[in-house]
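Each chain carries a letter (A, B, C and D) given by its place in the written order, and its residues are counted from 1.
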Amino acid sequence: MSLILENIDRLVGGETYINDVSLELQPGSFNALLGRTLSGKTSLMRLMAGLDAPTRGRVWMNGEDVTGRSVRKRNVSMVYQQFINYPNLSVYDNIASPLRLARVKRREIDRRVREIAEMLHIAPFLDRLPLELSGGQQQRTAMGRALVKDADIILFDEPLVNLDYKLREEFRDELRAVFAERNCIAVYATTEPAEALALGGNSAVLHEGRLVQYGRTEEVYHRPRTILSAEMFSEPPINIIDGCVSGTEVTFDSGWHFPLDDDLRALPAGEYRFGVRASHISLTPQAGDDIEMRMSVDLAEISGSETFLHVHNERVHLTVHLAGVHEFCVDAPVTLYVPTHKVYVFDREGAVVHIPSHLGGI
Amino acid sequence: MAEIALKSLAHSYLDAPGSPQDYAIREMDHVWHQGGAYALLGPSGCGKSTLLNIISGLLEPTRGDVLFDGERVNALPPEARNIAQVFQFPVIYDTMTVYDNLAFPLRNVKTPAARVHERVMEVAEVLELTPQLKRKAKNLTADEKQKVSMGRGLVRDDVSAILFDEPLTVIDPQLKWKLRRKLKEIHQRFEITMVYVTHDQLEASTFADKIAVMYEGQVVQFGTPRELFETPNHTFVGYFIGSPGMNFLEITLRDDRVRVGDSALEVEEGMRRAIEAAPSANVKLGIRPEFIEVHEAPVAGGIEASVEHIQDLGTYAIVDLRLGDTSLKARVEEDQSPPTGRAYLRFPAARLGLYVDEYRVEIDHDESP
Amino acid sequence: MTKVRNNHAWWLILPMLLLVAFSAIIPLMTVVNYSVQDVFDANTRFFTGTEWFREMLNDPALQAAVLRQFAFSLTVLAIEVPLGIGIALLMPKKGWQASAVLILVTMPLLIPWNVVGSIWQIFTRGDIGLMGWSLRELGYGYNITASPVDAWATIILMDVWHWTPLIALLCYSGLRSIPDAYYQAARIDRASQWSVFRYIQLPKLTNVLVIGVLLRFMHSFMIYAEPFVLTGGGPGSSTTFLSQSLTTMAIGQQDLGPSAAFSLIYFLIILLVSWVFYTAIMNMQKDKPDGGV
Amino acid sequence: MGESEMTDSTSNSPAADARRRRQARPVTRQWRKRALMATYIVFVLLPVYWLLNMSFQSNTEILGGLTLWPEDFTLEHYAKIFTDANWYMGYVNSITYVAMNMAISIVVALPAAYAFSRYQFIGDKHLFFWLLTNLMAPPAVFLLPYFQLYYTVGLFDTHVAVALAHCLFNIPLAVWILEGFMSGVPKEIDETAFIDGYSFPRFFVRIFVPMISSGIGVTLFFLFMFSWVELLLASTLTATNAQPIASVMTQTKGASGIDWGTLAAAGALTILPGIVVVYFVRNHIAKGFALGRT
């Protein structure tokens, strides 16, 4: 089962939702759609499901043109970010409904519903109504209904957004395990790069209705093709500093010079944008070629086991991602070290011209 | 300005509570000091909203006392307590302008107009609402509305504390950190006691100097974010704080050796004695994924585990490990290549916690194992 | 919610459309047809153009009825709206009292309109009615068949009794939709009862009040059965409202042409007033551009 | 225990006095509210009580002088209504056409309201507005054409005639209310059902209609209300076979004047069905009156 989108456009009332997207999803693959709110993730999924039809372009499933085929005649399933279940049916009947409609034998239905319920830890609640369950359990019910039929494509539209972070962690681990043994195409929309990374597989980065990059998730993360891709696919976003290369030196803004690293010597003179991942900046020097920067703290956001430090000086704002808990006062001075050998370089148009050598270079 | 103390406080929504399960808040003592920035953190249903409502005066506790600066206020309604509260969804007076919204609490107590103007302008300045003052509050964005509802608390100079009930729920993710910074700034400038209720560890740790973690109607730990991370007092705190949470290993003592399943684990002498002395069979060792040393080859004192899965999170990886029947997670940094197949783990003594009946037991560290 | 563009939806509308067309469009066409003709019998009719309309618009009796109708509608609105809001504020929010009060308040709405007339006829008669008798005992020469003032007051009182519940229930449902947090915030801000009403409750009621006032206006403008039973339109024609004039003309006198023209004028007045009112309210709610933006 | 100490330690401060006053106020306020509410309830009940009072008095007692409660308690008027076919058939007729109207209105309004709440289609806005204008049409305007129309198609003096005539205002009302309730149901439910393989009719009947059952209940309440209380059309379109109770009542003028007792008893009996209906929807009525739109 493969899914091919061919030069898809979708316009609604003069507004472009999807702009010339071509994408080929392989059988058995797990694909994350990554992008901010309104980047076109939901629109794209609705096109894949057949809930909407593209304005231009074709959709192929298994070599068959299904562009105009209605959702009822495609074998897909979908999980939404709201917890969507049939409120008047029990959890059991909710999960069983796609099978009943497909006229599966009663005994077979029973076996499969119980198997799925067991897997999703909702077996004790089969007789209850969805609204009597907690949010997490409601979403498990919705997932059960999506998984119980052997759909060719399963679409997840930010299914964990409305759950709290501990539940999200658990769901991610479980989802990965569930899909490891399936041969369907899974598509998972999310705004969080960390979620895409945790789930593995492939990632497609979307921005303003366009496909920015598609590839293996680690590949997209480590080797962004454009500055947009790098920005979308990092949380906190990658730090971008504009600079000018001349000879063996780089100048940031006005009169802030640094000698170029060995790797970067090959760059022709000109203006560039330098990208530093938040997690590569540290509080202690890691290597001899680190750039030392004196900054002032805006805010230290602490997430239990990690610290996101927002800092600035008169020229730039930076975000630093530190492991462990570090407490800082607002406006406290801090010295940071930026490793030059981990820097990405983009040209003025945003195309990548240098990838750190430990990631294989360009 | 006030210190808020809770004395042997308990609350039940039932008329005749019997067992401890009937209580939304189990008996507790707690003090919020004047001028502190506090958070009340816990999963949904842990009783944190009940506690908040008791402090603000919307609920009267079943037992115990709520003391403001030593004065018992149990029966006082919210308006008599001089408490301000910011709700989950912005509560603003739609038909009024931003200015009138901010002036409202002062006008209600017949503050002279000049004084009202002075306070409103000052607070608007701090909240960066000055350009919006003439607008109808209805047309503001969610974050501006939330600032207005915060502002209504700040204009009063008699406010003893501001309570926040998940105030950033409806705020756009990109704007959240700016509002968090604003909150911190406001706290430093006005030196008002602030209590921030949330289920999100990021919100709590970012805002608060000290966090009270609630679990099943009780505060299980009250400490700084660093304390919660490094020395969680209760297994729930270990699990709840950090992503992923703390690993817990059920251990037994056999042939004088500490064992996890069948594997023997080398521990400090002090730890071994403490385990021996444990009054219960429910004994666990806790260690954070960040502190587990993962080696590809056998090392001295290392314990062998199988590698189940590796999650590459970009600049670090989370390795799922299996040690007998126990699953563990360990964090491996980018510079280190993650192991495949088998791994050898070491648990640094200083990072290993002992939990008996779910609570942490302090042990004396000896020189080195 | 974004709606899907789908013209097949017409199939879902169709049964409803046919039925409403049958009971609205065909009769309306008949009315229009009559209004421009002079009908003697089934075979003899003349086209009259706008003659009937001119005649009706110049008829002093009808002009008086229109004025009377407006006076009545505005009076009952002026009483029922504030009273309804007040009652909604008083109604208990929970417990068995809430259900009981709800049922009692709703009751007048579910009584057939002519029975409402009968109830008030029985209640206000000087000989056997509690109210009429009491007023006379108190020394007031109450008589709705002789005094236009008494008749008017009684009809208005009856309408208040009959229809205030509608406003009250609309407002009650509006009030119930206000989240508790608003009241809590107001208490914390030490707002007075009046401020709570003025700045929290009233703004939330505007939507339902628009519906309420529209419905009330429409219904009061169509009032027929209650005054017909209670006063028969009298004394004289002091309580004869438009519906009654029209019915007398159409059924009683069989003046098809004039009554059809009158019908259309009548309908148009209601549409026009409703539309003006609705647009005015909607424009009021729209935010005026202010300096801050 | 701590109570008395507290009172002692705080009683001298003016702040404490102010606090106590704040606390005291809501209690008196509560009582004032209850008294006002009670006054209004008395105002609502008094005319109805008077009607009941009459219905249990013999005609001689009624005309013999004013009595505040039935001294000569009798059920004769009720007995008359329940034994005289002319009377009780009035109720049967009324209930028949009301039920027919409710059934017709809800059946055609459900799909129409669904279309308005879910789809955009050519002319949707205008159509909806036109529907609402029918709510504003005075029945008196339609009196004559209805009479002629139903006479021509042979429906005069049948229950169907009244049921159809009441569709004029009840269908638009039902569409309006139901549309409000339906818009509150996320459209993702519809999509999920189609993804699961439900056909539209099956989804509509099995999933959608049960989901808005409280909205349907409230709609039926309104349909009942407006059909039950309307007299002008109902009495004009009927003669003897389908005559509603309301118009039977206008015939109580006998040779010996008005039969007050029977009139009162008949009136009292028209109130009952309404009370029964409200009782069933009492828990949804608050939401219902907002027409699903607050």
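The working rule: contacts are C-beta pairs under 8 Å (C-beta built on N, C-alpha and C of every residue); 3 or more make two chains touch, one makes a residue touch a chain.
Not measured: the values here are computed from a predicted model.
Ranking C-D and B-C by contacting C-beta pairs places C-D first.
Chain centres here are C-alpha means, and the one lying farthest from chain A is C.
We define each chain's centre as the mean of its Cα atoms; on that basis chain C and chain D are separated by 15 Å.
The distance from the centre of chain B to the centre of chain C, with each centre set as the mean of the Cα atoms, comes to 57 Å. For the pair chain A and chain D, the distance between C-alpha centroids works out to 54 Å. Shown for chain C are the residues in touch with two or more other chains, of which there are none.
Contact of a single residue of chain B with at least two other chains is seen at positions 77, 79. In chain D, the residues that reach two or more other chains under the touch definition are 186. Contact residues on chain B toward chain C in their complex (touch as defined above): 56, 58, 77-79, 83-85, 87-89, 91, 93-96, 98, 104-105, 108-109, 131-136, 138-139, 149, 152-153. The part of chain B that touches chain A in the complex is made up of residues 43-44, 173, 177, 180-181, 184-185, 188, 199-202, 205-206, 224-226, 228-230, 239-245, 288, 290, 309, 311-316, 318, 320, 331, 333-334.
Partner chain B is touched in their complex by these residues of chain C: 179, 181-182, 184-185, 187-192, 195, 199-200, 203, 287, 290-293.
Taken together, the chain D residues at the contact with chain C in this complex read 29, 33, 36-37, 40-41, 43-48, 50-51, 54, 62-63, 66, 68, 104, 107-109, 111-112, 114-116, 118-122, 124, 127, 131, 133-146, 148-149, 164-165, 167-168, 171-172, 175, 183, 186-187, 224-225, 228-232, 236, 244-247, 249-250, 260, 263-264, 267, 270-271, 273-275, 277-279, 282-283, 285-291, 293-294.
Residues 186, 188-189, 191-199, 207, 210-211 of chain D are the ones that touch chain A when the two sit in their complex.
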